[in-house]
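Everything on this sheet refers to the single structure shown next.
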Amino acid sequence: MENRNEYRNVWVYAEQRQGAITPVVYELLGEGKKIAEKTGSELCAFLIGSNVASLAGELIEYGAEKVYLAESPLLEYYTTDGYAKVLSDAIKEYKPEIVLYGATHIGRDLAPRIAARVNTGLTADCTKLEVDPEDKKLMQTRPAFGGNLMATIVCPDHRPQMSTVRPGVMEKAARNSDNKGSVIQVDMQLEPADIRTEVIEIVKHKKDMVSLVDANFIVSGGKGLGCADGFAMLRQLAEVLGGTVGASRAAVDAGWIDHANQVGQTGTTVKPTIYFACGISGAIQHLAGMSESDIIIAINKNPMAPIFDIADYGIVGDVNEVVPMLIEAFTQYNGEKEFA
Amino acid sequence: MNILVCAKQVPNTNEVKIDPVKGTLIREGVESILNPDDANALEEALRLKDQYEDVKVTVLSMGPPQADDMLRECLAMGADEAVLVSDKAFGGADTWATSNTISAAIKKAGSFDIIFAGRQAIDGDTAQVGPQIAEKLGLPQITYVQSFELDGDTVTVQRQLENGYEVIRVKTPVLLTAVKELNQPRYMNVKGIYDAYKKEIPVWGIDDIPVEKEVVGLKASPTKVFRSFTPAPKGKGVMLEGPAREKVANLINNLQKQHII
Amino acid sequence: MFEKKHELLRKLVREFAVNEIAPYAKEIDQTGHYPEELAKKIIECKFHCVTIPEAYGGCGGDTRSNAIVTEEIARVCASSVSQIMPNSLSGTPLMLFGNEQQKQKYLRGMAEGTMIGSFGITEPGAGSDTASIVTTAEKDGDDYILNGRKCFITNGPVCDFITVFAKTDTKAKGVSGISAFIVEAAWEGFSRGKVEDKLGIRGSKTCDIVLENVRVPKENLLGREGQGFKICMATLDSGRITVASQGLGIAQGALDEAVKFTKERIQFGKPISRLQNTQFEIADMATKIQCGRLLVYDAALKKDSGKPYSQEAAMAKYYCGDLCNDVTYRALQLHGGYGFIKDYDIERMYRDARIVSIYEGTSEIQKVVISGHILGK
């Protein structure tokens, strides 16, 4: 490896889609700031797109001291070829010490391609980042084997050190309109022929629910619901609470609910104020995605279900009996609160 | 048309347990399976074989000698050939080193119009090896593929996003990684199983593939495991007692007391 | 006892049975209707033609393979075993005694899933006493004219053809005048009785087959005239391993249910699996099941190795018939009241088990066979 000391600064890949910063970027800026302070370096954001210069100010307000801006009409939509070329060329030129990406469907497409091109290590889906107090190397902790094991990964001899970071885990940076920073235009050599894929269309689901990541209250259902209809009941409870519906992998696999609702290792990681686990036994994969919730309330007819080991409140009983009672109780509670 | 499918044998993580004393994985008695996303990758390749004449599907895997079992399974589902890339020298590799090995093995295996891989393997969940193979073979990649169409040499896919999907078009050759939504993998069939055991599965070691020894295995891996540990369990919660209605009332009381609601 | 291919086969069938068959087991039992989609999927996996030679579109598999498939299917749904009958009663007579044309037509038809076959020996007056069948086949030019009534015919209500055993020589004593014919359901004079309302394996359809002056061309004589009893016995010898596998599967399924239930069911403040009675029952059941398994696969291996297996097959059939009745009884007992209601699978398994010690040779007939081998006839 060439001189490691040539590499400086913490970069955050400022993922944007159709001109909007992806929320995980704010979390990366929050975490990146702490790392930059501990390593005595600057926090920089790397912004790629077409007509996205206006987002640079926002990144600065969220703590970026420098924003590298790579703009071209060829970069209007995310393409692996286009974005990977721009970012790897910049990494080779500017030599950041650390590069953080959100572990989104885009981050997880882009980062490995870049790691292969610049010949460095990449740690996927990190849930914790620390700096070794002695040699300042990045300690990247991630779940493995379906969350059964946590592993701390280091990249001792290659630079930059790169991680994708699981959305919803790190604390968001605070926004401060007094923050100052500079914008650096990145010189690019990008030809249309460099981009071999063509984005024809981007289709968004017309689902207008609170997203799992943002919800304060999540009512999740598992195999114990017995059938797809059980989710109607959970939706009702979620509505009363102003929350949203989640599901275990078993319920998704059974075809009772869309994969988008899946909480857990292969689904979304959530940390709501209250997480209701209704008829969810608590397979380790599921726990991996929700054990950080503030309060976990488990309802299951099997008192030995592992979900009770991590629940703050456990109710042994039939979900089909208990959930309607909860709906009733919370509806009543909401009513009383209004008149209080 | 030549299609390659990258597959991995993984422990069924539903069954993986941790030794509470040593904090290590208990692999004994844990079933090994074909990685679920890889089954979707194989299924899509087999559908092309069903649809067009002259499609040859080769499955390639890097792993220990026991991965032969998993490759037989792929043959029994309908793959034409399988190759096992196996050598102690490849062991302990991270994704960078793994993709060096696999991309070299693919070069030896021939030239392919489409390479299908699973999005990620359930033991590591990194989703990195697919894109890194594509990079090392100089191929375009599309990850998270949830629907696939082929027209001549043009591939049109839906690439899954968190809140929808994008429609992407690309010319072959290309590497695609499959998600579960892409298809429902077929079962093996009895005849397929018998035939699978009549076939030879070549095993390629480090001297059989065009790769430098310095870029494979544990030593060449840029990332190292610094330590591993089991996640700390939370403190024991409260089991609510009494008839269901009382439990619910107690719950609301407690939540109020804790200022949760 | 097993090769790699057998292990992979078991993995396939188990996965298939759990994911595809088990969800329908209750419905199949309650409605007596077998979902077409499921029947199709069974055919796609070729479970129905494991033992049919490749030359006739089958898999060319061995007896152990068939036992594995039968065991794993019966483990979740005993009725479903009727879907794979070409491996035993409906296929064996053709495989052993059919000529090339007969095999190409009927074996291939079953292997390709376009034909369902049946096996007709039993009559209202001839059960264990095979020799007393009264169905007749009278020679008429190049044809035979068949008359008679066959009962308890598995797949009778849906079959496209049936192997019928009839007397070509009414004067011959005992079993020597019996011949076997392949009779197509579409032929004039062929009719079916009402579907039987059974205690168990209710998803396996059973009825009488009535033959009234059915004209059967001589090409459809199976084997030679007078060979019927030999064909019948050879088929039943081999079929015993299948039925034993079915009993084994039912017993294993019942044990699975008992294990699951006793871990969930709390009494006296703990799961009943922590009570010694439960533990001893589970140990007993598991041990007996292992005995049954060894008997089944020993007989199958002997057959696959070309060794005599008639005695072993009879032992396996006899033992597993008792085994599944015993294990389902005890597993149901561990369920307490819940075992008596249809919400729990054990109730169905208990009923399904009952047939195993009866059909394709009662336990008593098996004892006759076994003792005959030991004592001489």
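Order of writing sets the chain letters: A, B and C. Residues in each chain are counted from 1.
Simple rule for what comes next: a residue touches a chain if its C-beta (ideal position, glycine included) is under 8 Å from a C-beta of that chain, and two chains touch if they have at least 3 such contacts.
Source: prediction; values computed, not measured.
> Using the touch rule from the top, point out the two chains with the most contacting C-beta pairs.
Maximum number of inter-chain contact pairs occurs for A-B.
> Identify the chain whose mean C-alpha position lies nearest to the mean of all protein C-alpha atoms shown.
Given all protein C-alpha atoms shown, the central chain works out to be B.
> Based on mean C-alpha positions, I'd like to know which chain lies farthest from subunit A.
C
> Between subunit A and subunit B, what is the separation of their C-alpha centroids in Å?
Those two chain centres are 21 Å apart.
> Which whole number of Å gives the spacing of the CA centres of subunit A and subunit C?
About 55 Å separates the centre of subunit A from that of subunit C.
> What is the distance, in whole Å, between the centres of subunit B and subunit C, each centre taken as the mean of its C-alpha atoms?
Whole-Å distance between the two chain centres: 40.
> Any chance you could list the residues of subunit A touching two or more other chains?
Those would be 303.
> Please name which positions on subunit C make contact with subunit A in the complex.
It is residues 263-264, 266, 271 of subunit C that touch subunit A.
> Looking at the complex, which residues from subunit B come into contact with subunit C?
Residues 69, 72-73, 76, 186-191, 193-194, 196-197.
> Write out the stretch or stretches of subunit B touching subunit A in their complex.
11, 13-14, 16-18, 25, 94-96, 99, 122-132, 134-136, 140-144, 156, 158-171, 174, 180-181, 221-231, 233-234, 236-240, 244-245, 247-249, 251-252, 254-255, 258, 260-261
> Which of the residues in subunit C end up touching subunit B in this complex?
Residues in contact with subunit B: 3-5, 8-9, 11-12, 15-16, 41, 44-47, 49-50, 54, 58-61, 65, 69.
> Could you list, by residue number, the parts of subunit A that touch subunit B in their complex?
Within the complex, subunit A touches subunit B at residues 77, 80-81, 84, 104-106, 108-109, 111-113, 115-117, 119-125, 139, 143-158, 196-205, 207, 211, 259-260, 265-266, 273-274, 283-285, 291, 294-297, 303, 308-317, 321-322, 325-326, 329-330, 333.
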